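There are two complexes below, and they share subunit A, which is joined by subunit B in the first and by subunit C in the second.
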Partner chain A sequence: MKRLFLLLFFLNIFFAVNAQKYMTKNGFIGFFSHTPMEDIKGDNNQVAGVLDISTGDMVFQALIKSFHFDRALMEEHFNENYMESDKFPKSSFKGKITNLSSVNFSKNGTYDVTVEGDLTIHDVTNKISSKGTVEVVSGGINASSKFNIVPEDYKINIPGVVREKINKNLEVTVKMKYENLH
Partner chain B sequence: MKTYIKIALFVVTFIALSAILAALYYYNLKHTDMAKAKPDLVVTATVLQKAFEDNETAASIKYINKIVEVTGNIASVKPAGNNVLSISLVTVSEMSSVICTFPAIADPSKFRIGDEIRLRGECSGFLMDVLLNNCAVIENK
Partner chain C sequence: MRRLSLAFLFSLIPILIIAQDDLMNLLNQNTVPEINFTTATFKSTRIMNGHSIESMPPGQLDVRISHRFGRINSGAYEFFGLDQANMHFSLEYGILKWLMIGVGRGSYEKTFDGFTKFTLLRQSSGARVMPVSVSVLSSVALKSLKWPDQTRTNYFSSRLSYVAQVLIARKINQSFSIQLTPSYVHRNLVATELDPNDLWAVGAGGRMKLTKRLSLNAEYYYLANPKKYMSLPVYNPLSVGIDIETGGHVFQLLFTNSLTMIEKGFIGETTGRWGKGDIHFGFNISRVFTLKNH
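Moving on to the complex of A and B:
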């Protein structure tokens, strides 16, 4: 009886904790840069992410090899020359929503948020801060954000001839559709 | 014009044209069509997931960048990221599966949870699940 009580007690804690956590394994991160010749665009539709609505903690993880380009050659250059994806296969973000009190997770609607944290790309970690939106919908939460990064900040070397043609900043788009872990 | 100059001009033009054509060919090279590609490895979803869970380093060497044909039962059919479709396959693990993402919008109504399916895609690696990209359906029973 005592064991059953303990089991129920822990199960209750487990579900209470999990009820606060939202997750996705099919999130989107894309980047875009305009050049005079053509637009460079890479999409990753296999981003894993967890959002804890009680603390505002956010974690993303993505495989570099999951970025998909229209041109096979561009994808090859991205993996081999710039991101060195065999050496640095994963990219991650660990941060939190800083204005959590302005989001009402029990009421459907769209809320403006600011997210701050550590972004790791190419084994280099930098602090970033970005504005975004959190949309509370029935059965889930959608989160999106757009921000710029500079490849050189992550020790991604782009040869001079190519570098001149690419914008200094790469635009990064994040779109997550979280489901409750419960 | 002397004959050797003519030959030299011809050779230079030929090399220049070949280089331009080769550059254009590589620049416009399409991704491998998974429906027609010969698989490097043929496995079940359970074997593939277990390989990464047991030894990620060894499995990475064996599977990443390879065309993998995988058979399993459909666990979920979901829209993924930017208007693409992803199918996850049942494995022995409750938390971890094999996720196959399609390159463009596919009709989700063609897939039923529980059905056995054979897919082919390029292995990107392992996060919480084994990830296959650029997938094509080979057989949907």
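Moving on to the complex of A and C:
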């Protein structure tokens, strides 16, 4: 009886835990830099992410080589000269929704959230905090956020000759469409 | 029973602590490995004189201007060769991911040239492992210099020569790439009957990155035909130089014993010798324009 109780308990937790997880494999992360000289835009539509609505934990992972640019040469420079994507192929984020209680996951609607966590780019990890929205829809959750990062914080050096073409602040846009992970 | 629930509580602790790492593991389990294609084996479509494995991506136009000055050993009166300049310019364009074309004009023998480069294999790791990149280059050159003897019958076909090359390259690590280039040259008309119409050669080239935007390059072609029977002394071309990359431009500064900048010329018509100081200083400038977003 004891053993059965234990088994039920664990099974219960197992299912409960998994039902709380939402996942996507084709989330979007894009960045944008504007200067009078040049606009630079890189888009990645193959970002993988998991959101656990019971704890508010969220993680993303993006392959650097999956960022695409309008100009092939920019893409090469992005990988070769700035991100060193052969050495550091992935960027990741591990964080948490800090105001989880203000989201009602059982009711469709849009909720404002704050996310805090560790962003790793170019093998350098920094704490970031950003405002975003969580939209509960039937059968899924959409999450989006916009924040700025400074390449120098991630030891990405921009040499003097191209300094005027790359903004010191890059605007990063995150858009995720999660589906329930069964 | 109390002990049991206590044990259960403790067992929960690690789950709570490593929850985010767990999510990351979950993510990794659910994502399939991708093919990771090697990029930037060389910085430019030329190692020095000869083609590299690199191709212009679709929609990109490469405008190239190259110069080779006179021989350094020509002395101070010729300003060590800089008084003379032999030039070549070309327009090169990527049509498809695996297809690139180019047309050019060189002042040496007033030659027009055109080439097609096909990408057959791309070096990759990850879901598909391919140790080398392989391309095929085919080019044709048209010598438009007036015939020295206008009285005899001169055929148009006599102006043409053809080159076929297989480019096999490997990026060994972040900073070191090598390439082997078996080559065949056919010349419709040669100067004397001592000179072969068909030439066989193999090129070897490499690049070593010194900094993110600067690399040291070298290239050598070994001509397999016996050279001592040819009407003009012909030597194997060796070129050494650097690539400097500045955003949209690539500058290549080099020293070479060959005066011409197209395959049929530097493989078959290099008459300078490094040992004698028959060295030409030269440069290639490549500027890439995006005609079509990709």
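Definition applied: the second predicted complex is superposed on the first by the 169 of 182 C-alpha atoms of A that agree within 3 Å, B and C clash if a C-alpha of one lies under 4 Å from a C-alpha of the other, contacts with A are read in each partner's own complex, and residues count from 1 in each chain.
The rule we apply is simple: a contact is a pair of C-beta atoms (placed from the backbone, for glycine too) under 8 Å apart; a residue touches a chain by one contact, two chains touch by 3 or more.
As the structure is a prediction and not an experimental result, all values here were calculated from the model.
Visitor: Should the pairing of subunit B and subunit C on subunit A count as a clash or a fit in the superposition?
Guide: Result for subunit B and subunit C: clash.
Visitor: Which partner does A:114 reach: the first (subunit B), the second (subunit C), both, or neither?
Guide: A:114 sits against neither subunit B nor subunit C.
Visitor: Can A:58 be said to touch subunit B (first), subunit C (second), both, or neither?
Guide: A:58: touches subunit C, not subunit B.
Visitor: Mind working out whether A:161 is in touch with subunit B, subunit C, both or neither, as first, second, both or neither?
Guide: In the superposed model, A:161 contacts subunit C only, not subunit B.
Visitor: Determine, under the contact definition given at the top, whether A:26 touches first (subunit B), second (subunit C), both, or neither.
Guide: first
Visitor: Taking the superposition on A as described, I'd like to know which of subunit B and subunit C A:148 touches: first, second, both or neither.
Guide: Neither: A:148 stays clear of subunit B and subunit C.
Visitor: Have a look at where A:72 lands relative to subunit B and subunit C in the superposition and call it first, second, both or neither.
Guide: both
Visitor: See if subunit A has more residues touched by subunit B or by subunit C, and give me that chain.
Guide: C
Visitor: Quick one: classify A:45 as touching subunit B (first), subunit C (second), both or neither.
Guide: Only subunit B; A:45 stays clear of subunit C.
Visitor: Look at A:89 in the shared chain and tell me whether it touches subunit B only, subunit C only, both, or neither; answer first, second, both or neither.
Guide: Both: A:89 reaches subunit B and subunit C.
Visitor: Looking at subunit B, which part out of 2-10, 20-28, 74-82 or 110-118 clashes with subunit C after superposition?
Guide: Given the superposition on chain A, subunit B and subunit C clash at 20-28.
Visitor: Quick check on my understanding: which residues of subunit A belong to both its subunit B contact set and its subunit C contact set?
Guide: In the superposed arrangement, which is not itself an observed complex, subunit A uses residues 25, 48, 61, 63, 65-66, 71-73, 89 for both subunit B and subunit C.
Visitor: Hey, which residues of subunit A end up touching subunit B in the complex?
Guide: Touching subunit B from subunit A are residues 25-28, 30, 43-48, 61-63, 65-66, 68, 71-73, 75, 89-90, 175, 177.
Visitor: Please name which positions on subunit A make contact with subunit C in the complex.
Guide: Its residues touching subunit C are 2, 6, 9, 21, 23, 25, 48-50, 52, 55, 57-59, 61, 63, 65-66, 70-73, 76-77, 79-81, 84, 86-87, 89, 92, 94-96, 117, 159, 161-162, 165, 181.
Visitor: For subunit C, which residues are in contact with subunit A within the complex?
Guide: Residue positions touching the partner: 1, 4, 8, 16, 19-21, 23-24, 26-28, 30-31, 34, 36-37, 39-40, 57-60, 94, 174, 212-213, 246-248, 288, 290, 293-294.
Visitor: Help me check something: in the complex, which residues belonging to subunit B touch subunit A?
Guide: 26-32, 60, 64-65, 78-82, 84, 86, 88, 99, 101, 103, 124-125, 127-129, 131, 133-134
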